[in-house]
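Next, two complexes with subunit A in common: one pairs it with subunit B, the other with subunit C.
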Partner chain A sequence: MRPFTYERATDVAAAARAAGSVQGARFIAGGTNLLDLMKLQIETPTHLIDVNHLGLDRIERTDDGGLRIGALVRNTDLAADKAVRRDYAVLSRALLAGASGQLRNKATTGGNLLQRTRCPYFYDTRMPCNKRKAGSGCGAMQGMSRSLAILGVSDACIAQHPSDMAVAMRLLDAQVDTMSADGVARAIPIADFHLLPGDTPHKETALKAGEIITSVTLPKPIGGTHVYRKVRDRASYAFALVSVAAVFDKDGSARFAFGGIGAKPWRTPTADAAAKQGAKAVAEAALSGARTTHHNDFKKLLVERTLTSLYRQREARA
Partner chain B sequence: MKFDTPAGPNPIDRGRVIGIPHDRIDGAAKVTGSAPYAYERHDAAPNAAYGWMVGSAIAKGRIAAMDLRAAEAAPGVLGIVTHANAGKLGKGSMNTAPLLGGPQVDHYEQAVALVIADTFENARDAAKLVRIDYAAADGRFDLAADQARGVNPGKDADTAAGDFDGGFAKAAVKIDQRYTTPDHSHAMMEPHATTAAWNGDKLTLWTSNQMIAWGVGEVAKTLGIPKDNVRLVSPYIGGGFGSKLFVRADAILAALGAKQVGRPVKVAIARHQIPNNTTHRPATIQRIRIGANKDGVIDAIGHEVWSGDLPGGGPETAAQQTRLLYRGPNRMTAHRLVTLDLPEGNAMRAPGEAVGLLALEIAMDELAEACNVDPVELRIRNDVQYDPEAGPQRPFSSRKLVECLRTGADHFGWAKRDPKPGQVRDGRWMVGMGVAAAFRNNLVQKSGARIGVDAKGRIIVETDMTDIGTGSYTIVAQTAAEMLGVTLEQVTVRLGDSRFPVSAGSGGQWGANSATAGVYAAAMALRAKLAEQAGYPADQALFEDGLVKLANKSQTLASLAGRDGLWAEDSMDYGDLDKRYAQATFGAHFCEVGVDIDTAEVRVRRMGGAFAAGRILNPKSARSQVIGAMTMGVGAALMEALDVDTRFGFFVNHDMAEYMVPVHADIPQQDVLFIDELDDKSSPMKAKGVGELGICGAGAAVANAIYNATGLRLRDYPLTIDKLLKAQAA
Partner chain C sequence: MSSDQLTRRGLLQGSAVLAAAAPTLSAAAPTPKTSGANAMMPVELTVNGREVHLQLDPRTSLLDALREHLHLTGTKKGCDHGQCGACTVIVEGRRINSCLTLAVMHDGEKVTTIEGLGTSDHLHAMQKAFIVHDGYQCGYCTPGQICSAVSVLEEIEAGIPSHVTADLDDVAISDAELRERMSGNICRCAAYPNIIAAMRDVAGEAKA
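Coming up: the complex of A and B.
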């Protein structure tokens, strides 16, 4: 961990301004990912701006019937929120599928969107990794890639996005509300928030220097049956091999988002369009353009099987 | 005291303290944080500086140049140890690669420097500033690719009896399969850690080590100093599983660092460094051939094992149990060792059997199916009451495998199992049951202790025995209490200090039986002294209720001890009973799993086992040992594997996020039964080891249950979703 300076921000605009003016500054909230990365010097901020006291910890109704979730709402609190459990159950279920109770108590809504990949080559600073060190190469592509992404990958990077929460947010068409260093607020559709790696895998989000996430807004409830199914190597406390977030309507239409397989939380309109044709068709549509390695090619079949399982359970309930 | 004839009735048989379930006597200290671990010896070395290990970035080659200037100039840095300034170091006989590498590099993450600073953060930060230019060399990292290069590693590698080839060739039913197990990491809770301090030429190491006397010898040899100048103190150990049998880099680097900076230094190997820096259980390739008649009675059994290690290392002796577990006149076992440049392989909980049974007990399941015999019945049919390689002249000291199988099967409800795979459904789960035998050698080791009574009548036991979370403190106290007729509360136990008599230490599940036998020997000597002091004939004196009694006379221990107390020291040494009798522990594992019909997720639904391991000294801590080991068996079956990058030559998933071990949600109800057994040829305690028995076979029971649930026979561990899906698609 490199030495760094620290300040506790007291209002959002000042926090954004400070972040914009200090080279190498980073916001810190729960710190559940950033601190680990700092210990390994994968992240080497020179200045930390503690945003825990900005008061962004409320969940409130929006005028059009949606839900605004403060960036600092802890994962535990968000998962337990009555409105979330009633109207956005897929989000609650996704959150509870992630991490552990202790981590969810610390981790925040904004921070969760920004968590970084679990690619093991990213984590070992002696290995090549274009995401960690631009231009150093990719250790994973010809190496151990069993857990890594098969969609949205590039020649530079096959890292997976590890979040469960973000998959549900993607499904729900959330928007990410921010304020930039110059005090301007904007709303970024979550589809545009995470970037594909392309030639620049070190650039992971649409955030500009100093821009801070203030809240995540969900559109008004869409009804339907909400499910989140996460398949992993053990029963709890592991990242997804494949996860599927879905909302089924009574008429058989549905929407789907996927975790564990994408360079970012994954969603394709063609998959939703195939909903009435069943699991195989949805999988085929979702996996269009998939690029696999010898180690992770099983994920294609696992996506189909996970969807099959969801359809089967849905039929059993019907 | 020498143990060379079977034990007769003795004071342990009273069973007032021994054999009763007790809470661990060190439990309160542990849960209140007042039991100090090696990295927390502020009491002993309050001014310790902090060392951070730098590990090699290459797997094989040489250090061409080191530039320490930036690190040395970093804030708080007190010194840097490297091969260039450490002086000439010897190499211990128990570690394969030097614990401080350079200029030659033998494996990835081999220690090449220690940066010492005034704070932990400064040391870790400065370590990143050490610049090293490497000249990398090609290495060999792929066991499967190099299997053909395996050589006979010598001593006891191969055994044979009868005519295996002939017997197998004419067998009515044949099994001939290949099985693989991956590299495993111990993943104990406490990392390897040491605080080191020099006083003149005397070195004290507060460390985390399972084998104190071995450690003293290895430290002395490595540093080139007399053994008398080395003291090891290791009273509390947060798990070892074999990774702390030997001195590792933390101890040597801390000692070198403390010498260089002239003050105590402490070093903990960081979690992400542990898998590649320290030892691991080596991967194996195993070929098992079993020839049987149509009733499943074995006529020929052969087990060949390939494993890898650094030059000068040893094999994973995974055919060990096949020499003793089942009958059959025609037999062979063989171990072949492949030289690899991966980190050092070595012992991990039940070396040999743990992975040998993963393979053998699938093979038995395959034989059961081929012969259409129930898998429990098959194992009973192949029971043998003597060492089948040596013949009837070498019987087992005690062997209750059949009782374990029968009792375990009854309790588990084995009779409800449908022998045809893939028949039972419960919602989205395909449900199946599996069985496997448990087998682990019983080893005995010389072990000593000192025991005294103080003026208040309190009993004090001192031995360099270690408690690696197993419960040694408690069984040592129980033994002393039983022998001297006091309650557990009246005994103080001091462990893990090289100033105490040399014990068996903790390893190979020999610790409990051997160390308590050492306490027994010392207690017999103390009883003689106390009886003499009382004026009673030693063989007639009774020790109970804090008194020494003879007929209607009695005297208190306190009065006999006098103001200065009374002490005795002895050790238990062993004759040839373990040569004349095969000694081993036995059990039977039962497991029920569910496998998701779509995703192939596996969930263990219940586990049960029955175990025969001689006298169970403390049924509570013995049960903890067994269920912990069964949990490790589930890990080996379903998820544990160090992934080898064969290009860079290292274990890729080197932290606890990516190296999977079971979490609570993976482990269901575990029922453990101990079968009544006293083994009078093992020791006066009539006990045997139990710390490793529970892992042996547990994973195979899971694998066999998966087969029963699905009809998918997987032979490459761990049995993960990707492999199950592929097998299903095939």
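Coming up: the complex of A and C.
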């Protein structure tokens, strides 16, 4: 790990201001992803601002019946929250499908949104990676790309977004609340929060330098049957090859979001519109524009089969 | 990271950046806890009921603070990347991977390691159960397994659901629940069935 200085921030505005004024500064919350990457010198911050004591650890009702989730609410607490279990079960399910008990006890809501890709070429500092080092090339395109993305990819990068939680947040139309270094608050729709790689895969989110996530806000509950189905290489504690978050309504309409296949948490209105036509139609709509490699072409069929499984499960319960 | 990538020049450059950053910091962020360039930082922990005062490089993981500075070597370093669970300890009542957190982030907090759960003369119920049910072979992962196992039973008691919980509001012990919740602790000797038996024993639901 490279040397860094450390401070424990005591209020949000000061934390944002400090992050904006010190070059190479990073916030640290759970640290479960950042410290891992710092050990590998993929992340090399010169200064860490510990935001764990900012009091952003509450879950509150909003005036319009939604839920405001503090950026520091731990994954365990969010998944177990009564209101989340009752009204946003897909979010509980997505969180519980991710990581391990130890990691969920530490990992935070804000940090999860900033989780970086698990592309093996991003992790291997001997290999080129446009995300890790802009302009260095991509080792994955002609390499082992089985786990990588097939939607939203570019000529520069085919890294997948690793989060389960963010897929559910995308499904639920969450908004990301932030404060910038100059003290200005803003709300970013989750759809705009993560950026597609394009020519600049090293730019991953809409956050500006020093901008800190303060909370994630969910709109009022949408009802329906909530499901999160994750397909992976082992039954627990593995990243998704494919995951599907869905909310089904009684009338057969539904909304879908996908993990494991996109450069960012993936959602497309055409997939939702195809809900009543069944799994195959939804898969076809969701996979429009998919660009696969020899190694990850199987994901297209896996998406269809995962959807088929969800539809069958739903019929069995009806 | 191979050592040949660590150069004297790189280290010196790193120090220069830190030295330059420090004055800006003290001006911009008058927070009570700020480290200077290359400074050691005071860290107070309550480990297994004992208050300890350390001076640590901010890079020191909680795991290294426990093992290298407090010589509590019961907690093991396996992968050092949060993948194996050998380093699991209980901080403020919750199990975490001590390799993926900085000691300085836990200033003022309570830590329980395997040494704090029980002693050779007074074993914790889970330690006894691991012996009775042969919940290990080589034993390297065992301290982490036991810290995790103790916490898992508490998490179930607290009604925290898991990936395999059918009804999010109805959390109960089953083999499937224990297996899922213990997935962050790898045992290369594959003592898994016996670990589950030990946990069920402690939970008072030992199978006949």
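By definition in this document, the second predicted complex is superposed on the first by the 318 of 318 C-alpha atoms of A that agree within 3 Å, B and C clash if a C-alpha of one lies under 4 Å from a C-alpha of the other, contacts with A are read in each partner's own complex, and residues count from 1 in each chain.
Definition applied: a contact is a pair of C-beta atoms (placed from the backbone, for glycine too) under 8 Å apart; a residue touches a chain by one contact, two chains touch by 3 or more.
Everything quoted here is computed from the prediction, not taken from an experiment.
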{"item": "Touched partner set for A:T308, first subunit B, second subunit C, both or neither", "value": "first"}
{"item": "Which of subunit B and subunit C A:N105 touches, first, second, both or neither", "value": "second"}
{"item": "Touching partner for A:M1 - first (subunit B), second (subunit C), both, neither", "value": "both"}
{"item": "First, second, both or neither for A:S253, with subunit B first and subunit C second", "value": "neither"}
{"item": "Which superposed partner A:Y237 touches (first subunit B, second subunit C, both, neither)", "value": "both"}
{"item": "Touching partner for A:P120 - first (subunit B), second (subunit C), both, neither", "value": "first"}
{"item": "Superposition-derived comparison: subunit B or subunit C, residues of subunit A touched", "value": "C"}
{"item": "Partner chain in contact with A:R17 - subunit B first, subunit C second, else both or neither", "value": "second"}
{"item": "Partner chain(s) touched by A:L40 [first = subunit B, second = subunit C, both, neither]", "value": "both"}
{"item": "Footprint overlap on subunit A, comparing subunit B with subunit C", "value": "1-3, 39-41, 235-237"}
{"item": "Of all residues in subunit A, those that touch subunit B in their complex", "value": "1-3, 39-41, 118, 120-121, 123-124, 126-127, 139, 142-144, 146-147, 231, 233-239, 241, 298, 301-302, 305-306, 308-309, 312-313"}
{"item": "In the complex, subunit A residues that touch subunit C", "value": "1-10, 14-15, 17-18, 21-24, 28, 30-32, 35-36, 39-41, 46-50, 52, 76, 79-80, 85, 89, 92-93, 96-97, 99-103, 105-106, 125, 235-237"}
{"item": "In the complex, subunit C residues that touch subunit A", "value": "1, 14-15, 17-18, 21-22, 24-25, 28-29, 31-39, 41, 57-59, 61, 80-82, 85, 88, 94-97, 100-102, 104-105, 107, 148, 151-152, 155, 158-163, 165, 168-169, 179-185"}
{"item": "Residue numbers on subunit B that touch subunit A, as the complex places them", "value": "57, 75, 121, 124-125, 128, 272, 428, 596-601, 603, 638-639, 643, 645, 647-648, 652-655, 657-658, 660, 662-666, 720-722, 725-726, 729"}
